[in-house]
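Once you scroll down, you'll see the structures, which are given as structure tokens.
Both complexes shown next keep subunit A, but they swap its partner, so subunit B is in the first and subunit C is in the second.
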Partner chain A sequence: MAGAHAASTDPDALSWYEATARQRVVALADPGSFQEFLPPTERRMSPHLPLFDLPRAFDDGIVVGRAALDGKPVLVAAQEGRFMGGAFGEIHGAKLVGLLRAALTLKPAAVLILFDTGGVRLQEANAGETAIAETMRAIVDVRAAGIPVIGLIGGRAGCYGGGGLIAGTCSRLAVSEGGRISVSGPEVIETNKGAEEFDSRDRALVWRTMGGKHRRLIGGADAFCTDSVSAFREAALDLIGRAPAFDLATLEAEQARLESRIARFGDCRDATEIWARLGVNDSEAVPAMDTRAFDETVSRVREADHDAR
Partner chain B sequence: MTQWRGEREARDARIAAGRAHADGKVVPADAVVDLLEAVLRPGDRVCLEGDNQKQADCLARGLAACDPGKVHDLHMVQSGIVLPEHLDVFETGIAKRLDYSYSGPQGARIAKMLYGGQIQLGAVHTYLELFARYFVDLTPNVALIAGVSADRDGNLYTGPNTEDTPTVVEATAFKNGVVIAQVNQIVDTVPRVDIPGDRIDFVVEADTPFYVEPLFTRDPAAMTETQILIAMMAIKGIYSEYGIRRLNHGIGFGTAAIELLLPTYGEKLGLKGQICTHWALNPHPTLIPAIESGWVQQVHCFGSEVGMDRYIRARPDIFFTGADGSLRSNRAFCQTAGLYACDMFIGATLQIDLMGHSSTITQSRVAGFGGAPNMGSDPHGRRHPSDPWMKAGREGQIVGDPALMRGRKLVVQLVETFGEKLVPTFVEKLDALELAKKIGLELAPVMIYADDVTHIVTEEGIANLLLCRDADEREQAIRGVAGYTDVGRGRDRAKVEELRARGVIRRPEDLGIEPLDADRALLAAKSIKDLVHWSGGLYEPPAKFRNW
Partner chain C sequence: MTLAEILAGLFPQGHSVTVRDGLVTGSGSFGQGNLLVVGVDGDTPLGVDGALILSRAVLDAVRAGDKAPILVVVDSDSQRMSRRDELLGLNEYLAHLAKALLLADRSAHPTIGLIYGHSAAGAFIATALATRILAALPGANPSVMDLPSVAKVTKLPLDTLREMAKSTPVFAPGLDNMVATGAVHVVLDPGQPLDGQIRDLIANLQPGDDRDRLGEERGGRPVARGISAAVIAQAGRG
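Up next is the complex of A and B:
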């Protein structure tokens, strides 16, 4: 495991953004509690990539297993953004779907999904798309069984494409400043709509539109963390404790929340306009705020917290 | 009768013609084309200020819009071919002949136009060479330059990107030429006078501020563990061993990684104060942690860097600044400093051959040279000794009276064995040779000649070419660090091991470096945001480098 040798494994010091999937899982869980299913030694690799003369990963870019979080049993899946941008392929998706289905029998306190993905792997797009649909279906079943599914987003690849759709079906999401959540990526939007509509090289624009702070302010994410593993652990514990029930009332509340959001902000040209309408005094200052100042800002925004999802 | 004042009279006539479109010296932006058509004569030598960073873009658009019936066959003499307009003028016949230094972003198009015969090429120069020729046989008749502001008398404030301007103006204004400056605004009083008004004939208030490219910003988030390993080897095996205090860095990720390792890895090795104290360098954002940790005593700059202005203003003990507080850069002086006052140049390249010649030319691009061949050459005019220079000199020579030995500048190439898209860096034959043949260049565009290179550092190790005693040793030393490229696999194993035993080749383990220690955790800053924090909020990165 490159990097583990010198990198800090202290959860307070370990940057979520910098860490590998395996480093995140190990440092997130109670010490020594993580047990991996289908580890790299099992060699469950993509059957498709060799057709394209592309290198494979022994774990197909996702780490799944069981662990304890503050003594409670949880199931964990972590995507490896450094392998093909954390994209969903057939094996990658099957490992995630299998883990979610196992939750129905194992009845953990929660399932944690550590997203770090650009979406579906183009080289195995059909299998990847299928995996996205199966994952969403499995999450619905798990949530219906009363088990919260918590998404943690703060990796380099963000949470895009099908990953963004799956995140939308989770009970609760935690995000850091570097984390991004969206469906179409910046380059895709620019390619289809032109640089005047969305300049993908203007990274400040990208983060204002898709980044962690924006998602938290509009209630798309339910917790905002500093970029450390311990902050994500704390957020996960907190969100498990306050996950909404999965019933008709919750879904209707979510529908109402999204409808009012589009009605209120649909004509905004930039995220700063949305923040201003949300009541943020100095919306231009949001990107540069540190976590404490941002938390205070969030606490004054009514829409950031809700019972829906 | 001998005519002694012909040039001067021609200049007076040009200025008189230009005055028709000016109010005093001031010309509105919408009159640029009229002004240029009045001042320029067919066949003129023209410097259209295209520097490494700042661009006289308003004047470039104006020149490209001139009537080729009136303005044609110009001979362009400028260091940078950067904007599309710099080449558009050759397509319309406004310009015919070209002498330049650097064409980074236009490298592919310039190759095509050279091949198609649309440009008559004089030569591709280094910066200092072209500047030198401004004063000998390429003196401009008209210079079109860029600054931040000017007063109505023409006193010009260039802003932190002074770059080539003083050199261009010196050559033009004092040899009967006409100088036209575009500025972002006309003011009552300029913050400081970079060019006195009596050297500026016309001032154009541009429609938009001049363009500056952030060329020297390297995002720490994109740095790889391989680059970190190479940087560790360079610090321990070269900087420390030779005690390099005065130096210039290239613009690649490898040297940026070195800058970010100084406060961490360098500190651990106890090298603070021993290395990297005096620099000829643009204000690299990645140098901020080393500056803030007290490693750096002073930095002289070729140009500035977008977003660094406030930081530089707050650190006048480190940077050269004017009475107004802002950076004063100067490409000609900084290039001279890099040539004569630095003991090491270290940079990257795209191709290295078996002798050690290197080039950044690929088959379809003529990127030009810029400053690297000057920085990366051993100046035979140097006479002052220094410890690193003398040590390198001793390593390179084995016979003769020590009092008659000259030292050597260290010229280090820092490369990964495979570049982007897994293209091998080490090759049997440079693409530059093929390109020279194709477009009819007399000299192949070699960035750094083999006899100037002293060390090559890759992830496989350091090759010290000073210690090689013949061409075969040199070839095997290069093959010995060329990794799994064809060149690397073609090595003579026994010879390479012999060179390693002699210390000509050194592996990470020979230097006491554990490759698994090469971790991003060693970087003093892991992101652009970390750099902002290091600067106390003074560094203001451009939007394309932000992720917040």
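Up next is the complex of A and C:
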């Protein structure tokens, strides 16, 4: 690493939200340990984007490879939200599928997926959608082999569409304030159902409904991080150590957890109502809380921590 | 083909399959045992409530331990697009349903998808695409997004997209294109008895996920299989 770039990969100083996919991976891993598969020099580019007169990326918007995390071998995938919104195209998806399938024989300590995606790349929609289904099957196979699959969510593009379904398939998820997890994005809901159903320009509404704090409070994510690479690294190490098994007991527990969520909060119109029912004293104050105050709040919410994923 | 016609073809001796709010659950006698049916009918969007009803039925079957085959019938809309669904964490609910089906598959339940109508986006991924083998009936219309919406997002004229769709299966909606990508394994013959065709699918289930191989052979996903194989090869080199 050249000296001029050293500051930008200091894990404490580097903002996860602002960093590129490659910066995140390099700074997340033990220094010098990251080794990329199908690196940009191989120029595996989309065969489909030229049809739409769109620029291509040498890595098709995803970085995959091996690294060490606290000395333990891991496989890592990182989506680049700045290229086509981190969306799943044919090559992009196939790189992730290949990495997960490789885990079955390599048996790493974990597979880390650094989500930063709007979902399916529409110019390659059928390939992207199918790759998402293949990814979910592969994650289940990896988890069933006893290998934790950890999702880290805090990028510009959030984790939308099929990305949200993949995230829900992981063993554990860490999220930052800027991370959003959702299936339909705000614009999609507004376009299809109108602004009275969801006003996508209301950014506070977007964060309350899909943002990291809400997901953490209701148990949709297992750790909340400040926006730094070192915070995500610490969370990943912690989550690897307490990943739930993939079996009937876990899914029965998840069924009960999700049924209970609808029974308790199914009539809530806004996240602040849910937070109040969860026992958060000053639910209006949640969006402005710093990480320490938020962690204290989370520690008093029973629903936030579970093995039912 | 309608769901009623499908069920009549599958279960000449009758069945207990019901449709409520567009959600299909029940079973019928099939060969030596039972066939469990879950799914979505009537172009219904799949939201948090519906996903849990279907996953409950699947998990009950896994717990029963009879290894009965599970048929996932699909004529759905996309995921339900609403503030309430996203507030409650729709991604967890849809993923949970997919995981239940994948667990059933791992627990020796043959899982077969049957798309006979529409399906799209998250609803498609959580149901039909989470089965071991996906069959379709002619007239089925799976899609990720309809062409007018693709035109809006890509800012290309609709006529141009229609022209491109004829030669490029990778982005265009429709059954033929989903067959070409390998997502749909096989198209059934509505002129032949359905129960026998489903029984043949169950008897010939292959281990593993062969959708990228099919996509390569059929030309709808020309490079995916090679890319994932290349990643595996490079990962295998110390």
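Here is the rule we go by: the second predicted complex is superposed on the first by the 302 of 309 C-alpha atoms of A that agree within 3 Å, B and C clash if a C-alpha of one lies under 4 Å from a C-alpha of the other, contacts with A are read in each partner's own complex, and residues count from 1 in each chain.
Here is the rule we go by: a residue touches a chain if its C-beta (ideal position, glycine included) is under 8 Å from a C-beta of that chain, and two chains touch if they have at least 3 such contacts.
Note that the coordinates shown come from a computational prediction; the quantities given were computed from them, not determined experimentally.
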{"item": "First (subunit B), second (subunit C), both or neither touched by A:97", "value": "second"}
{"item": "Which superposed partner A:107 touches (first subunit B, second subunit C, both, neither)", "value": "neither"}
{"item": "Touched partner set for A:72, first subunit B, second subunit C, both or neither", "value": "neither"}
{"item": "Which of subunit B and subunit C A:177 touches, first, second, both or neither", "value": "first"}
{"item": "First (subunit B), second (subunit C), both or neither touched by A:242", "value": "neither"}
{"item": "Which of subunit B and subunit C A:277 touches, first, second, both or neither", "value": "neither"}
{"item": "More subunit A residues in contact [subunit B versus subunit C]", "value": "C"}
{"item": "Subunit B versus subunit C as contact partner of A:203, first or second or both or neither", "value": "first"}
{"item": "Touched partner set for A:43, first subunit B, second subunit C, both or neither", "value": "neither"}
{"item": "Contacts on subunit A seen with subunit B and repeated with subunit C across the two complexes", "value": "none"}
{"item": "Subunit C to subunit A touching residues, read off their complex", "value": "48-49, 52, 55-56, 59, 62-63, 79, 81-96, 98-100, 102-103, 106-107, 121-122, 124-126, 129-130, 143-145, 150, 153-154, 156, 164, 168-172, 177-178, 180-183, 209, 211-212, 215, 220-225, 227-232, 234-236"}
{"item": "Subunit B - residues contacting subunit A, complex", "value": "221, 225, 514, 516-522, 526-527, 543-548"}
{"item": "Residues of subunit A touching subunit B in the complex", "value": "2-3, 5-8, 15, 17-18, 156, 177-178, 201-207, 211, 213, 287-288"}
{"item": "Sites on subunit A touched by subunit C in the complex", "value": "37-38, 44, 47-48, 51-52, 64, 66, 75, 90-91, 93-95, 97-99, 101-102, 105-106, 120, 122-134, 136-138, 140, 144, 159, 161-162, 164-169, 181-184, 188-189, 192-193, 197-198, 209-210, 214-215, 218, 220, 246-248, 251-252, 254-255, 258-259, 261-262, 265-266, 268-271, 274, 309"}
